[in-house]
């Protein structure tokens, strides 16, 4: 569904991505692990069209995404739940959801989707008219996911959804990921929390210093050596 | 007592004018978090184009009005593209901003907008070199004298009359309606939501698929069109325009907008009214110079006041 | 004296004077602040030194010095409450202050009777007869030398200061508040110091201006003047104290004196500033260029033997 080939993105002279190649299959949860600074968020921002790569290609359902505006990418069916949530702090919860549905024109569908979101995320339904900036971290995360879902994406990108959240909230988030997977939403997940990721993903990649250094199943990942690298970013002597 | 009421009335009416003038400026700031110093010059150049049409081609008032508003919008587009159109790709930066740090890009746009201010002022003066230029007049012929007896029993004021210019009153009413209508539209409509979202968090707006660049350009042009509306309204009551108009629009609009909180549409209304009243009182107590002085003193105090929580560098 | 010589001398004096004002804006830009109020200190300096020389017959040097002190003190006082504001609010606050100063000068009536009639500031009508130069037979050329000399001295001091710890600290403050503070520099005191210096420079320029033109009025010191000063610094370059001077030369020199594009001067100048801010925000003489020029100058040694030293 999503094919990334030799993607390279730089910030000025700093090469954050140095030729990343990976795939996310339709209907699966694909997880990208890696230490801080590996370039994971840069990859997500490049996929969403916020950053422009220096070379490489991103094909989604057969069509090239590199060079498209973020708006076009959302229209194609891909939505990002960004690192740090990035909710609209001065807009209410409801308005955030409406914003997520911006590319859609079906008012009735949008309304029913909003109701569905409140059903899926009951905590948000208690705070419909509250300003998103005043929500707790976990609530903002839910809102960010809900907002991304409002555009009815076929592939959901999630950048470190568990970071900075209490374990109970993290468990909630991952159960939502499992639920979405059961409903047929494809998910491309970036995470540092390898343990939780092992419970939901069907395929893993490991990224270090701008390159993919491992690709495999959960079973292959559970190999100690590889997880050590994912946490510490360094090779452990065998 | 009657004098005080008259003063307040005059102040409120003047203040409505300031609010109208400041509306577009507050919107551009709200939308882009950047102050557009070319705002006054935009209104002035647009007004001059209208005046030129009026003087050289005897254009009727309605055509002048349309021209002024349209010109202001077009000039606004030019300003936006040159000063505020940010590169779409967030990872590329021009080599070293003049003011680095969090303030950096805000101040760069500020600086380039003043450069355009210089450009636009010169263009206006090139178009119509004389100091006084005629403008279509919509001024009322006389004044209304409102008998205070009507309010006497309520306010406790004895007889007497208040002077009220119907054209200024019409302007004030229009301002209030426009401001409240605009605020409502921003809160209720899809486009209004998009504008507020872009203003609130640019990157998040990108992520939900909003055409950020286009929205910013359109919003900016619309705000400048508002400056054209304000310009036409104010100048048609004076029936003339001078090269001082640009600076006047910028300064009055800036004070009204900042008093009300930059970016708040309803706030500009309050800010303008407050400014008008303060000026009126200052003039009656201490004279014409005090009136001018009070404008800037008020602005200065509001900016420097120690209870302001936002936008300060702790160092 | 031919008319064009007189004109040239006058133009050169104006350029030197405006450079001082531009330098004052430049200093604040270095510490990370855009000020639209420097014209206030220019005006205050003009009035203060004009008053001392015309009403109290002080010699020029003393009058100018007093103007500098007034400018520095007022600028420092303004900086106290405003330096902690964000860049944008600071810019607007200085704009407001500039107008307050102008209006205050419009209210200033201070006249003393002399044989030729009352002399002194007359509010909005301005301040006539600042005739110290004429009364002391100072020619326009001599005054030009004085002005240039002062400018050169200021430039020299500033460029020398750039090489000291103090100068480095200035620049650091403008680039990164937090980093500078972490180095142990008191950012607030740095900014106050620079503000005082900037105010003094602007006042010096104002004093020189007042004596050159013999007539000043409050309307001269309007925000446009301050805006121009910032424009000169931004265009000419923030990498060196010569930058603002270059900006002045471009505007007053090329566009005005050469009468290039009459009536389009501000359109071009404004366009240049806006374009530069887009693609070269530190101006023509930015730090990179200045550094390269410095290297190039140092790599030009006097006569040197063509044979490289033999390797060991």
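Letters A, B and C mark the chains in the order given here, with residues in each chain numbered from 1 onward.
Note that a contact is a pair of C-beta atoms (placed from the backbone, for glycine too) under 8 Å apart; a residue touches a chain by one contact, two chains touch by 3 or more.
Values in this document were obtained by computation on a predicted structure and should not be read as measured data.
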Central chain of the complex, centres being mean CA coordinates: B
Name the chain whose C-alpha centroid is most distant from the C-alpha centroid of chain A. C
Could you work out how far the Cα centre of chain A sits from that of chain C, in whole Å? 53
Using mean C-alpha positions as chain centres, tell me how far chain B is from chain C in Å, no decimals. 31
Please report how many Å separate the Cα centroid of chain A from that of chain B, as a whole number. 43
Inside the complex, what are the residues of chain B that reach chain A? 88-93, 190, 193-194, 196-197, 200-201, 203-212
Show which residues of chain B lie in contact with chain C when the two form their complex. 35, 37, 82-83, 94-101, 103, 106-108, 110-112, 114-119, 121-123, 126, 247, 251, 254, 258, 289, 292-293, 295-297, 299-300, 303-304, 311-315
Contact footprint of chain B on chain C as seen in their complex: 29, 32-34, 36, 81-82, 84-89, 91-93, 95-97, 99-100, 103-104, 106-107, 174-178, 181, 187-188, 222-224, 227-228, 230-231, 234, 238, 263-267, 269-274, 277-283, 286-288
Complex interface listing, chain A residues touching chain B: 9-12, 45, 48-52, 69-71, 73-75, 79-80, 82, 86-91, 95, 98-100, 102-103, 147-148, 151
